[in-house]
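Presented below are the structures under discussion, each in the form of structure tokens.
What follows is chain A paired twice: with chain B in the first complex and chain C in the second.
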Partner chain A sequence: MLVDTAVTIGRLLRSATTGYVFGCSVPEPDVPRFGDFVKAPAQRGRTNVIGLIYNIVIEDDAFVRQMVATPDLDEAYILDQRLNRQVPIEVSVLSIGYYDGLGNGSSAGTIACGLPPQPPVTLDSIRPCTQREVIECTGSFEYLRLVLNAPDAPADELIAVSLRSAAAMRPPEDRLFFLRGAGRELARLLSRDLPRLENLLRRIKP
Partner chain B sequence: MALELNRLTHEVTALGLNLAERLTQLAERLPGAQGSLRAIGVVDDALQRKVAAALPFRWAGAIPTAEAVDAAFPAPPAPARYNAIAADGSQIYPDRHGVALYYLINIGSIVFRSGLAQAPSQASRPQVFYEDADLYEEDGGQKPAVLIDAERDWRELAELARLAQAEAQAAPSVAVLDNGLLLYLSLQIDDQALIRELFSRYLDQLDLLRASGAAVAGVVDRPRAASVVRLLHLNGLAQSEIREDALRDLGPNYAGLTDSLIFGFLRPGERSALFVNASPNNDIYYRPRDHTIYFFYLNAGRPGKDALLRVEVPEWVAVDPARLNLVHAALVAQSRVSDGFPYILVRAHELAVVSVAERRAFDEMIMGALIRQRLSPAISRKAQGKAWTGGGRRRFGG
Partner chain C sequence: MHPLSELDDFFAKVPPRPRLGLVVGGSLSQGVLVKLDPGQVPGGVIEDMAVGRYVVVEGKTGKKFFSIVTDIALDSTNPDLAKSPPDPDDAFLADVYSSSLAFGALKIAPMLLLEHEASEPKPVKTVPAHFSLAYPATEADVNQVFGPEDAQHWHIGSPLDMEQVKVNLDLKRFVERSSGVFGKSGTGKSFITRTILAGIVKADSAVNLIFDMHNDYGWAVKDEHGREFKGLRQLFDNGRVQVITLDPETSRHRNSKTDGLLRIGLEQIEPEDVEMLAGIIGLTEVQVGALYYLRRKLGPDWIVRLLDEEDTAAIQELEAEEKVQKGTLRAMQRKFEMFRPDRLGFLSLRPPPDDMVEYIFHALNRGTNIVLEFGVYGNSLAAYVLVANYLTRRIHEKYVDMKNRAAGRRGEEPRPLVITIEEAHKFLDPDIAGHTIFGNIARELRKYNVTLLIVDQRPSGIDEEVMSQIGTRITCLLDNEADIKAVFSGVSGAGQLREVLARLDTQQQALILGHAVPMPVVIKTRDYGPDLYAAIGFLDEPAAREKRKAAKSALYGDDD
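Our next item is the complex of A and B:
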């Protein structure tokens, strides 16, 4: 059973092998953000499915739609809608890896890039990945292929943001090396789409 | 689909035509009725005498107050800091075809602290009733829905009283119900002792609300009452013509008109004059406890979209300008953000309502509890049949 002390940022609404959607209430300034690495337990806690946040949707309903036209809205109405009413924010996550074998979220076990054997289950807790998990998950660049092939995600933006974020988690002396490696992998994957490659390389250039 | 909509096409067309014709007829009568209201203005002794003569006939009209009956009062400014409290209730009635006999009352409430940048506090308090004493009357019959409704009404007001006692010391407070304050129990219950007891319990809560310092109001959306219309009709009768049949027949000038049509002249934010509800219950039960129910009409809408509400307040609010103005200002302010109906009542309803899915989940909880007691719960065969067919028919080959 995985034991993880990281703060829960939401709970799973629905999932598939390729990704999952979780709900949360009011977003904090730092979580969840586009391009963040998050994880959800799967296989009854034996593993974690690691993913990248690629879309954050703030749902509305008829009541909220009716209120948006009201001028000078008292702060208490806004806080009531944000904090009290159960209109969740939906966050879509693209699965890019998972813990391979019996591990615990902090140290043991290795992270395999690719789609997980099982998706997480409804109401599972979603937590941000640790620095170690991000470094390990992005070490081989295999996840870039999954992102480029994802039909619904804004792939180029997601790659640029996630690579910059993964670089920032590494020691300063390793960052340039990491981004050069990512650039080489992207050049291999996008060898037939040079304009796109050029744009991506420009986005991740230190 | 069980309802063959194609068979109803002609009836629906006729319904639309009928409604259009009735509205045309009412529109023709309306200027005359509004003219009669303006002609009365401040009520004179002659009309007071007519009202006094009509009351013994259980006249269901509006008793005028010192305010001119055609007056329109603009909304006073809302205080920079006030509390608006609302409670609403919903229920699951006993179902003898269900897995177990019970009923449930759920009370939703909200305290909106205007002027403070904080989210309102909210609550949802369900209670389930399953003892024999809860479900059956003394003669063994199942408790009728009207008594469950009375229990819900009492719990709504008790929740308001509880919250008002906690909140009213901090700021001017108004407590609001999505219903009139004047109960009509005697129309549906024969047991006079029971009626007295139900009114007494209800009025005890109004005592607590008054003592809390808060104002209280009952709000009726889309009111169909014709109390003021009856006053206009009464004004047109000679003193000698005041009899039960003459009072009941509103005649060609007023039949079909409602108070909300009469007060269509109110502009957004304005309230009408105060009136006293002439219901016998008001006189028999409320007046001796100093809770005589007054009412006024309020246009809670906005320019281009009127929204007329009927607002009931007890006497201690009606005669206290500070409390009355707070009710008026708060209802207008609260309705501004929710299209003509107070925001806190929309939210209280949302917190109270028991959805079909929630009811199904609750029944499953009960079923689980019964199975753990080694019982074999089952719905009736009739309910099972409804469950089988309730999803709608499927047709093949058509």
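Our next item is the complex of A and C:
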């Protein structure tokens, strides 16, 4: 079984090999955020599926509809509605990697880029990735191809934000090297689309 | 057993070979394409490259393809990049682009195959597989190709940026066929030629007859900076090189030691000797035809009688016969003015007492190299062509005779002879090369043990058939397209080397290709100076004095 002490930020609503959606109540200021690296247990805890948050949807419900139309709404009602929502906030995650060859203990495995063998199951707890996991997961840039090919995700934005946060988790002296490598990989992947590439590079440049 | 790291510490780690890039396409005939790695500094690898450098491609089966860089190009994975390049002020973008989308590319010509267990490189008959890795050739690779310097392999220079590596000319093969030294004026042809000649003399691989038009080879010569360099006669002061002069006065003024004086009697000159001058002195086809008629009618002193202004009876008689038009004879008389001994001092009305042809022939057969110094007559192309043609025809004739005798086991084989001529296009012009002695020598290869070393700045002026017979071509900078084309005529796959040739430095660089080197090579030519003198065994005066003293001491013991 994976043992992870990271705080749970939500629970899984639905999933597929390519990604999953988890629900949470009112977001904290820091989690979950667009472009964050998160993980969900899979294969009965033998692995973790690592993904990138690419969409956060706050849906309305019947109460909200009524309250929106209410004049002079009390601040206490607003706060209550937010904390005790009937409909969870839905966070969409794009799968980009998973722990490979893991027998026990999350820290012992290596992270493989690509789609996981199985998706996580419902109500599994979702946790943010640790710094080590982010660094390892972005050690190779294979995940960029998955993001670029994701049909629903805003790929360019997601790549820019994830790369900048992955760079920020590295020691300052490694950041330029990391971003330069990412830029080269993007240039390889987007060699036929120069305007898009230039836009992306401008977004990630230190 | 030691762990690997300990062994590495003990023996010192072998630094990994810096990779240049990988093979991405090409062909044997057009050259192999190598996509260059970006390197530490993007673009750094390409800027450190140069045409003519060596590259080794490690094939997928362990074979090493020893290749020469023939072209360098900038390329990109997207042609639109040229239309919308990154902002050069944006260092990040520029860096990413120039290490990914934009890249350098090499065109290399595989020349030799180095196999693990083979002692000698083999000619290349295929190309390395896709994505084989390319590396700059190491000194060990180059040494494996060019072999060590020995009695028959003469150090002539070093590959570009490999000053420790010696490129050696196989002198035995060099003298087997006619060879050429080409290059624009002032590119160092004479220095390279002198270096090669010194090697041939030292190795005794052939004996030389050098028609020294500009007094470059026999005695001391100065370069454009005023530095003085020793001539062959000074370097080989044991009698192995003799200088024969046409102009003793100039030789004296130059303090040049000479061993003989060449005089040619007008009666010794045959129509064949004059025929080659047709283009230079402006003889028409009819006038050339008349040469033989005049010789037949007027006898051996035909030129003397043609020039005689006092006794014109013989000429009038010829005119009366009307075999030759009156105007033709008069025009020939005017053109023959150059044969007057007061204009060309080495000519005399009567045959000189010494038969210098015989002297030179015997000297050559004894192994004595002859430098024919022209002095002021070097400025007269007509004089140069006349003398070179006059001597070569006669000496070649003797060689043919001697060789035939040797074939019939009635005499010894003549020593291999290399005849060095300058301004070779005047001797090997397409109009005359077919029927002159120099054209014959070039074409007949080593049949009679005589080959040419032609030194020329206009190879395009040399007959194509003759050029195709040139075994080894040493070419300094040429920028005329026709000349470059001529140098590569008859060399398979040489088209790829055109760029290499056109990019040579103006001095001390040459492209050598052909019979005497295993593959085309661009060299920085060896300095002609004290190191070369020492390699020949020449001792300067203090060293020679020391040697004499030591020898004396060994013989008679110390004085004190």
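Everything below uses one rule, namely that the second predicted complex is superposed on the first by the 200 of 206 C-alpha atoms of A that agree within 3 Å, B and C clash if a C-alpha of one lies under 4 Å from a C-alpha of the other, contacts with A are read in each partner's own complex, and residues count from 1 in each chain.
In the analysis below, contacts are C-beta pairs under 8 Å (C-beta built on N, C-alpha and C of every residue); 3 or more make two chains touch, one makes a residue touch a chain.
Keep in mind it's a predicted model, so treat the numbers as computed, not measured.
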Between chain B and chain C, whom does A:Arg44 touch in the aligned arrangement: first, second, both, or neither? neither
Which partner chains sit in contact with A:Gln66 here, chain B, chain C, both or neither? Use first/second/both/neither. first
Examine A:Leu79 and indicate which partner it touches, taking first as chain B and second as chain C; both and neither are also allowed. first
Determine, under the contact definition given at the top, whether A:Arg132 touches first (chain B), second (chain C), both, or neither. neither
Can you list the residues of chain A that meet both chain B and chain C? none
In the complex, chain A residues that touch chain C: 179-180, 183-184, 186-188, 191-192, 194-195, 198, 201-202, 205-206
Tell me, which parts of chain A touch chain B in their complex? 63, 66-67, 70, 73-77, 79-80, 82-85
Within their complex, chain C touches chain A through residues 77-78, 80-81, 84, 86, 90, 92-93, 95-97, 99-101
Of all residues in chain B, those that touch chain A in their complex: 110, 112-120, 122, 336-339, 343, 346-347, 350
